[in-house]
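Presented sequentially are two complexes of chain A, the first with chain B as partner and the second with chain C.
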Partner chain A sequence: MSTPEIPQRPWRQRYHVSAIAWTVTIVVLLILSSMATGANFGMFLANINQFTVLLVQMSHPAWAYLSVIIQPLYETIQMAILGTTIGAAFAIPFSLLAASNLVGNKVLRNLIRLFLDLVRTLPDLLLAAIFVAVFGIGSTAGVITLAIFSFGMVSKLFYEVIETIDMGPLEAMKSVGASKVTIIWYAVLPQILNQFVSYFLYTLEINVRASTVLGYLGAGGIGVYLQRSLDQFNYSATAVIILATLVVVMVIDGVSNHLRRVLL
Partner chain B sequence: MQTTLSKEFAPRSLWQRWRWLVWVAIIIAIYAWAIGGLQFSGLQSSAKTVSDSIVKGLLHPDWAYVYNGSGEDLSSLTIQTLAIAFLGTIVSAVISVPFAFWAACTAHERFYLRSGSGKVILTLIRTFPEIVLAIMFIKAVGPGSYAGVLAISIHSIGMLGKLFSESLENMDRGAEEAITSAGGNAPQVFVLATIPTIMPEFISYTLYRFEIAVRSASILGMVGAGGIGTPMIFAIQTRNWPRVGIILLGIIVMVLLIDTLSEQLRKRLI
Partner chain C sequence: MQATATQTNPIISFKHVNKIYDNGTVGLKDINFDIPRGQFLVVVGLSGAGKSTLLRTINRMHEITSGEVLVDNESVSDYKGKALRHLRRHIGMIFQNFNLVKRATVEKNVLSGLVGYYPTWRCVLGLFTPHDRKRAFQALDRVSLTKKLFSRADELSGGQQQRVAIARALMQDPKIMLADEPIASLDPRTTKAVMDTLKRLNREDGITVIVNLHSVELAREYADRIVGLRSGELVYDEPIDQVTEAGLNQIYQTKPEA
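The block that comes next holds the complex of A and B.
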């Protein structure tokens, strides 16, 4: 009886070829990208005193500014609520069409998904810049931006939820001859409603965060004041705005997390 | 039996019966507040012509801008955007590791001061707007892509640190125990068990964050932090819609490519 052969590692594993190749690739990319961006740590250290001056100013928030920004803070939340609602409303039909268990037509489904993928590639500030050009400076541009931004996100979340539903009730209704709309209303909707609301609230959280900077390009809300304070080098006001935004975001997150826990 | 029955048929309390109405009232109140509070500027008189020219511009992109050899064209600025995102993400991933160990709440810990404080710091970093960071760094290092790199590397710590620390909390401790029971000391456990167990997840999260950083890098230029955003905002301000169209197209293609590539890599990792 021959002794069992000791398993041999192929040379690729023995000399860690792929690990070394990846490391070299990443190091080369790092060097190339630091050349492309002109990154220079020494320059940052040389100018560090300017940065510290800025930080010192920011660490003395001008609390009196709080009374000025209460109204725009409300406006930010209002923009987020309306934008998310409009986006989610448009997302429902699209997500129904993109769900593979409801729509058998593969071409239509993939076209819808491609469209949703395209919408999701656009960063929110980019949309804001374009809509400010169309609708003028103000919260209308912000609401539209947030609506499109949340439409892309919500519809993906929604159709993924729809694809996980139990098909039993649908088949039962189909077998007694119910129409498509009736099936969606009585068999699909009750199964997904809670998760829809949960994702809606989650998107609202993200939109409140997003809407605080949209105003930087003129799309209304607290961002307008953010830009104003930064342009006037009034960093103690900037600090108040950031802190107030932080509080608002945390309150909204807390409320929405609580509601989502209750729902699910 | 009696008790369950009586429970079932007990008349619902007033609150239980009318709860839905309270919710409807709250929701209506919220929407009334939201709609009433906003001043809709309405459509500007120029909106029709502007959107017409936008659509026309988007349908006839300025193809000459793709490459003109000046170094300020779409392809070189796209590469610059990717470079900003890549450098920022890698730097941030390295800085995030100590933050992750700081914020991770591991099993045999009595009091949560360490992990709790780490989590608060990470939340603060996450909520600090990236644009403001970019503007702060522009003051320090001047406008350009370096400010964008710095903004992304600091801002990403918030999310990467959180994701890393969560994967540390949920990681499989089997390999660590095996090394310990074979007599390994703490550094050996760390190098031979902790790092190999956690590495695929860390890399996967870093790739995911890179996808987000590409989007950020393409808009940070709007405030002067380098990349494709700078010509974009100039083109919008000068109403050069064919130029906007080609840049939008460039961003869409770039983001789609990076997303697909990174998704493939992440699938192979985990």
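The block that comes next holds the complex of A and C.
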């Protein structure tokens, strides 16, 4: 018996070619992009003065304004919940079809993935601007924007979860003569449900934050008031809006974090 | 090779079965033999010999490349859709990793053995008849696990999970039970419990049982007949009273490399 020869590592691996190439590429891209966009630290420092003026005004929040913004804040949360729910509901069938361990048909799967990638490249601000133009100022535009944004994000998260499931139970269900739908219901859903809910909550957190910004474009909710106060240089009202939003976001993050911990 | 050719009307027969995987690996090579009704057959062979492949061609979890697999004198190769599901619902299968839905209750796992007999919408809504729920309980009783009816599957030990898997297969009212290394991850005592259960189903219900095993000792203890595979070929086939140590050793001899 001869001792087996240790196989030689290819030179690409031996000299870490790809790691080095990536590092160089990323550094070059960083430098180029900062040159192209004209990002300039000097300008930031020169205008810091302006910033202190704003801060001084904002440090005197007009608390009376709070009663005005309760309703729009509530609307913002509603928008986020509705948009996330619609988006996630549509994401379920698409993520099942995009999962490589469930769909053998490569063409179908890649078409679905291409579609999902396209949806994800649409910036939410652009969507909001379009839907405000179509539906007018109000929360309908906001809900649709958030639904599409959530759909794109959640379906990717969902199909990545599906691809990590234990295939054993699927094999077992197949072996007892189950139909495709029954297999998904009995062997796939129980394995992914908790993570689905967790990602739903995570997306909801993001959407509550996003919807304040969307409102700025007229898509309903608290953002409309934020924009108004800024336009009127009413910084003490701005301060109240920001603080109230902060509290709401923190509460929602806290609740959702807690739920997700319990779930996983 | 001593085939049991005297037996008429075998429940399963392999006729020149070849299986080549997409990547060119030879899974099975000209497999030819019959399995009579009610036999307890053990398949042995080295890792990679093709035991799992052989087992899975019976219920078409794997497709074969050429030849024929007959179950109840009918070639299974052409079954599609509903016919295939109907073939499978009469063939129980248990696995090395049990393959239970861990987050579901034991009851639900056992009932899931029935889904081949129910329309999809009833499965989805979980609408099983009271009669079938009772049968699930009885199936658990046969594997001595009635106390665990409402436990979650992942709260059970490995041996208990495998018995739940057997109960699930029992719900199928199977003619054939396929077991792919059902005890590979179990300790000696649980191993005995699981193998005894399989043997009992074979003796009491007349279910044809085919088990892949790594342990030659267990094979000799439980089998009516032992077949051996090596690199996809059937190299050994003896009824239990003809099995000898020397014969078994020959299965595990690797071919001298060219």
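Please note the rule applied: the second predicted complex is superposed on the first by the 214 of 264 C-alpha atoms of A that agree within 3 Å, B and C clash if a C-alpha of one lies under 4 Å from a C-alpha of the other, contacts with A are read in each partner's own complex, and residues count from 1 in each chain.
The definition used in the following text is that contacts are C-beta pairs under 8 Å (C-beta built on N, C-alpha and C of every residue); 3 or more make two chains touch, one makes a residue touch a chain.
If you're wondering where the values come from, they're calculated on a predicted model, not measured in any experiment.
S.K.: A:30 contacts which: chain B (first), chain C (second), both, neither?
M.R.: A:30: touches chain B, not chain C.
S.K.: Pick one for A:157: touches chain B only (first), chain C only (second), both, or neither.
M.R.: Once the two structures are laid over each other on A, A:157 reaches no partner at all.
S.K.: Where does A:73 make contact in the superposed view: on chain B (first), on chain C (second), on both, or on neither?
M.R.: neither
S.K.: Does the superposition put A:175 against chain B (first), chain C (second), both, or neither?
M.R.: In the superposition, A:175 contacts chain C only.
S.K.: Classify the contacts of A:246 with the two partner chains as first (chain B alone), second (chain C alone), both, or neither.
M.R.: Only chain B; A:246 stays clear of chain C.
S.K.: Does the superposition put A:135 against chain B (first), chain C (second), both, or neither?
M.R.: So A:135 only meets chain B here.
S.K.: In the superposed model, which partner reaches more residues of chain A, chain B or chain C?
M.R.: B
S.K.: Determine, under the contact definition given at the top, whether A:186 touches first (chain B), second (chain C), both, or neither.
M.R.: The answer is second: A:186 touches chain C but not chain B.
S.K.: Using the touch definition up top, name the residues of chain B that touch chain A in the complex.
M.R.: Going by the criterion above, the answer is residues 30-31, 33-35, 37-44, 47, 50-51, 54, 79-80, 82-84, 86-87, 90, 124, 127-132, 135-137, 139-141, 144-146, 148-150, 215-216, 218-219, 222-223, 226, 229, 232-233, 236, 239, 244, 248, 251-252, 255-256, 259.
S.K.: In the complex formed with chain A, which residues of chain C make contact?
M.R.: Contacts found on chain C: 59, 61, 84-89, 91-93, 95, 97-104, 108, 112-116, 120, 123-124, 165, 168-169, 172.
S.K.: Considering only the defined contacts, which chain A positions touch chain B in the complex?
M.R.: 26, 29-30, 32-34, 36-40, 43-44, 47-48, 50-51, 54, 74-75, 77-79, 81-82, 85, 117-118, 121-126, 129-130, 133-140, 143, 209, 212-213, 216-217, 220, 226, 230, 238, 242, 245-246, 249-250
S.K.: Note which residues of chain A are touching chain C in the complex, please.
M.R.: My answer: residues 166, 168-169, 171-179, 181-182, 185-187, 190-191, 193-194.
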